[in-house]
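Next come the structures, one after another.
Both of the next two complexes hold subunit A, though its partner changes from subunit B to subunit C.
Right after this comes the complex of A and B.
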């Protein structure tokens, strides 16, 4: 690969980083602090070029835009939105096949950023609150991709081709985008499950086990009760998955609340119990005698989640996951239940003082996590496979911890985090084909993303960012005078 | 007010800081601060929370780099980049929270980081012990080098911290609120030790907000306010009132004015209450008292004599072993905190960070923390954000909580404003009993005055007030009756009008004055 490619690649990333940091600074500042021009004017200046080129960049995809049926229209809009967001948020992917244009666009945009710093800000980029979180995460992902770039280089493959493959595998066309949404669905639900735990101060490692129990329950209920109408059988199956997962999640919660047994140990152990027990049940008790491999009988038509987008595997489980995000957001931020759980997560002392029952909230948070994970497992069975096979290893229960971390436990942020996670997993296949490198590389890139997100100081140090967060200006902690 | 600028003597200055300025985003923490410390003096640094004392000392100790200004040690211009620079320059600091490792011995703690070794790699405990004994003898500090730090009382732990600084050849000692954790007797011992250090040529910077102590021990007093030096004076020229006025920028009523109490029916009755502490040791040994409507019962005592546990048992946070707690005629022994709250009890907890508030929550959320589940804050299970915000806007105004916005996190407020937040929340609902534990700990003078007035206001409205405080002044100025607690028991209950300091001091030490 020519050295000029490498230089272009790195230059583009640096320019993009300047742009995104300046944008974050602008959005973080009070309107009064902007000495020249108005915030709106600067915003237009920042966004004009990338937005225009982004739109041009999407023109070839317009051929695939479907207006009918309505389901496909919504799907097409989502796909367009994802492509456009990827252009603004991760140009390292999208610009690669149009490198010169990409570099030119970000060069001009970065110039606007530099002008902004010279004329208005005159300080290190400062980012605040959730804007700061988003920018830190974007830079973390990009830093991880830069490291991945060099790793690919070391293995003797072509990084550009690899990343192009990865990108196209994620959202290159509608079929692959549908697969990305399929892959992200369990991550959304289980990411929420872990996030609810985090908010309540619990480390729920048990999503994996709760997933299995939910899948088992859905497989059993979904394949029984022949003759039931869909309107009864489907909710019954989904309810069974939620109940199974919920009970499985509540057990370690109860053990913690009642006996103080640590939830990390207990959920890990519950995972083993669930995986092995389900394996046994599939092979011995609920095995479909007519099938050649060890699996449960097919889920009946009346318990199957309908397909949403034609000619794809994308089912309505995706919308259940979206609804779960809304419900959990509402529950955690708008109800007394959520207030209690979050208070318990912030301080046991303060929650007891406020008359809350710490133990009950721990059980509740773990049970809600179990319900969500069980729903994820059930959705995979009744939406995707139609049965539960033995040795149904997913590992997504553990990945969902990473998703929750990436989203900083914010229910809304779970969506982009799960999308990225599912997308990287889904795109890895095409990356392997295009560049001839192992798809395990994606594991390494994902590991770096989490590393940088978990230790945001690294990213801030690399990009010289100053973050003014919630705990700001502690002038004299520990001095008391 | 008598403020005199000390003439800048060109010689005899151990330390001079000139024009020190330190900015934080949005805050000018130190603004052209000049500070002079003479050799062999105790110089008190006085100021409210956030006045800039801590910043100034952090700069001197190398924790912060000043934006402007110079530091001279013995007339030499020095730049201190880090605490190890400060130590190398003979500056030692005793923090308010001790930096000791409890499971190590006194000698190990003192030599930590500067271990005495033989052959470069092996500890030489004998020689270390000898040096520590030398130092102890020189300044008259009695400390056993082989004792475990965890076994020492707080006063001795502080002594260890001072020896640690001396061991590192400190000539200038910074003592950060050293009396906050001590009994009156221990404070006397500390002052004696400080005087003997000064007699040996050491210089001491004494950070405090207690005016009485300044008069007891300081040679010079520098008062800071809003990051600026308000003035430097001496105890002879100043009065308590003048210093308090310098600190807050206006006249402060130090003694709360209040009318005669009109006690009514008993609201809180405690009978033979016993309870265990965390280590399963008995910590309340049969406590009996009653508080009536319209009176303040003050519980005096050195910290750690069961007051914390008493309040926790009363408010349902800790189970009792035996005995009875009756609030408003209802037996609430071993009930839940919520039941206690719903009986009309307000609780200002001793530790606002552990109990009283959630630092990551906004001011508005913190102001709804206890009754979040009741209307108007919630309808069914749905929280009413608007009602929570409206409530916050009202209370922030009424209780003068200084915050940029009601959505600012509680943790970013200053200590005084955090406490006002807790007080505002607790006093904003109808109550018949107020349990206030150390209501003004770590709070600036201006806020103390405000909180005291609010407590008396409640009393005048017929609320029964139980005040627990380690500050004898606070107890004496607010209470109508004073109960002294020692070793898990009430030693005696005195009438506040006639109670004498000396008597209370003896009772707090477990001695009955008449025996």
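Right after this comes the complex of A and C.
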């Protein structure tokens, strides 16, 4: 591992950080405060070079762009968008392919940033509101990846090869991108489940258990009722998954609302109970007698989610997840139910004083979380595997918390957060192959991402940022209330 | 938080289904289940035989003839009738809360809960041992052994929370202690060094929790979750990088140290005084921390920081430092609990080997009302449930092992629902301190 490459790598990241901090400052500044030039002019200065390079960077991929069938067209557009966003947001990866050009582009852009600070801002970069959130999170992810970089170095592997593998495993070509979207689908739903909890002041660690129960319900309903038409059987199966997860989520909600038993411990206990119950049911009650390993019978054709991109495993569950994002956003921000839940999340006392039923909203939020996680589990069964094996560990319970934290509980932001998470998981495989480093490294990197997102002060301290008007998530209200 | 709690507790009596009555329903379900099992599944003639460990000949000879044969061959207990008895008792305890005025029922709730659990465990054991012979003493000893990580975790939690820091990352601290401690003992070929590393690793994770939750004022539950996730990553990475193929043989686990004289007492000796070192450490720590918290001036300061940090600050106590010390000390204990898994029990390290014990420890802590001795009894409850579960698997009862394995988790949920609300957490638990 040559030292020059290491220096180039770090230099590029610092330059990128200057660029994005200056950009953030520009975006959050009042137009009247910009003394020299206009905001539009500065924006052009900031974005011109990276955007042009990003487009050039994508030309080799254009050969894979498919126009027909429509599913493939939409998929190709998504893929291009993701590659482009990764160039602007995560230079740790993209720069690795084209190091000298990359450094040059970021150097020029950072120069624009420095010029901006000298001519206009002359202060610590000050970033307001959600722009601050986005930039802090981007910097957090990059910082975590830098730590991972040094960890790889310590274990004696080649970090450049490892991160190239990681990047290509994420969005290197269409097949891998499809797998990333497949991996992202349950994270979207479970991240939403945790986010709804956060908004209601609850910490739902039980997404994993609700996931299993949903998967079990879908496996059972999907493999029985032979002869039902797809239009009835598929909704029935999805509904069973939602119901199963919903009940599993509502139980700790009820225990919290009625007895004040803390949901963190109860949801974890429900996870263990779910794993064991499902294990029993798969091995003893619903086992496929013709199969050699312990699993449920195959889901019938009429209950299977169709594939929407040719030559991939990408099923319609992806669109269900997107729809769920829209529904949850609408529910939480545009309806009385959502308003009540968010009020309960802000203050139990105030909401009770306003005549809202705190307990009812707690149960509701947990049940909605369960419905979403159950949907995720059901989708995995009827979209991907076609059956539920006994030793089915998703391990995505903690990941879903991470996604919700990363998205700051914003339903829309869940999408990029889940994409990043699914991508890291999916790319870890190729990273392991390319650099011979254990894929567990990604767990550590991800833990650092959450660490920096949970404690944005660290990132802001490192990058000398000042962020104004950002709320911190608060979920702990002691054990009793 | 305080206002919410008071309104909630004043609102409860107006409802028909009080907490005691909900629990009555649960007891009724168990009672019906037991009676049904006794009537259908058990042979009226069947007996379960219980032995009480090895008893020295010198003591044995002085006992009456009948007792001697009983002890040698196991005390016979008629399975069906005793199951029926327990079932009927449960039915009665289930009905009583509906007959009594709610306030009276509320007073005896905890006591009844403990009794019911005792009865249930006994019933399950009798059922499992039908037509067989089983040793009660070894089960009790196992219970104490298995309660060790839970009790230690609860102690770690008590230290943190008495200083006002919610610590949900105990599981992660244990896991890192188990993983790094074992790795160190393997590579240094010295299990004492492994223990030291386990404790240091726990302290390091706790220090991270302290920095996040005390200095950066990150939400303490989120900070604890970060610890848990980080622990999974670190230990998984360590295991695959250093443990899967290594040139060393596995180190042997700590051997039991029978305490002279005391270990010869019949029944009590094997239950309490023939254990491995971490078990003894746990027993000592329970009393040391109880004494420290409630009988020393440092303990008073420690608690003051968790109850009313502003007042403590006014009196010249350094709140931030006190919280840091408390959390890091808790981490050391959690690291020790981790060493129990890898260095004292199994002699190897697996991913996620702590299996939720850190969370169960929190339930034990709440059960014990943030009191070391109380938490110890809570831990014993879970330890015995765990021991029973192992016993049942050996006895091949026909109950699916998955359901037996659920026992501690279900127990945790019931205990949490049954006990919380009547316990009082430290007033400033979970609230970051801002100096003015």
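Going forward, the second predicted complex is superposed on the first by the 469 of 481 C-alpha atoms of A that agree within 3 Å, B and C clash if a C-alpha of one lies under 4 Å from a C-alpha of the other, contacts with A are read in each partner's own complex, and residues count from 1 in each chain.
FYI, a residue touches a chain if its C-beta (ideal position, glycine included) is under 8 Å from a C-beta of that chain, and two chains touch if they have at least 3 such contacts.
Note that this is a predicted model, so its numbers are computed, not measured.
With both structures placed on the common chain, the touch criterion links A:354 to subunit B but leaves subunit C unconnected.
Legend: residue contacts after superposition of the two complexes on their common chain; A:454 is shown touching subunit C, with no touch to subunit B. Comparing subunit C and subunit B on the residues of subunit A they touch gives the larger count to C.
Looking at the shared chain after the overlay, A:5 reaches neither subunit B nor subunit C. In the superposition on chain A, A:334 makes contact with subunit B only, not with subunit C.
In the superposition on chain A, A:259 contacts subunit C only, with no contact to subunit B. After overlaying the two complexes on the shared chain, residue contacts for A:385 are found with neither subunit B nor subunit C. Within the superposed three-chain model, A:130 lies out of touch with both subunit B and subunit C [touch as defined at top].
Contact with subunit B, but none with subunit C, is seen for A:346 once the two complexes are overlaid on the shared chain. Common to the subunit B and subunit C interfaces on subunit A are residues 349, 352, 472-476, 478-481. Subunit A makes touch with subunit B in their complex at residues 126, 334-337, 339, 343, 346-347, 349-350, 352-355, 357, 468, 470-476, 478-481.
Residue ranges of subunit A in contact with subunit C, taken from their complex: 155, 203, 205, 255, 258-262, 264-266, 268-270, 272-273, 276-277, 279-280, 284, 348-349, 352, 358, 398, 401-402, 405, 438, 440-448, 450-451, 454-455, 457-458, 472-481.
The part of subunit C that touches subunit A in the complex is made up of residues 1, 3-5, 7-8, 19, 22, 166, 168, 212, 216-223, 225-226, 228-230, 232-234, 236-237, 239-241, 356, 359, 362-363, 366, 400, 402-403, 405-406, 409-410, 412-413, 416-418, 420-421, 423-425, 429-431. Interface residues of subunit B, counted against subunit A in their complex, comprise 24-27, 29, 47, 49-50, 53-55, 57-58, 95-97, 176-177, 180, 207-209, 315, 317, 336-338, 341, 347, 349, 351, 354-361, 365, 369-370, 372-373, 378, 381-383, 385, 409, 411-412, 415, 442.
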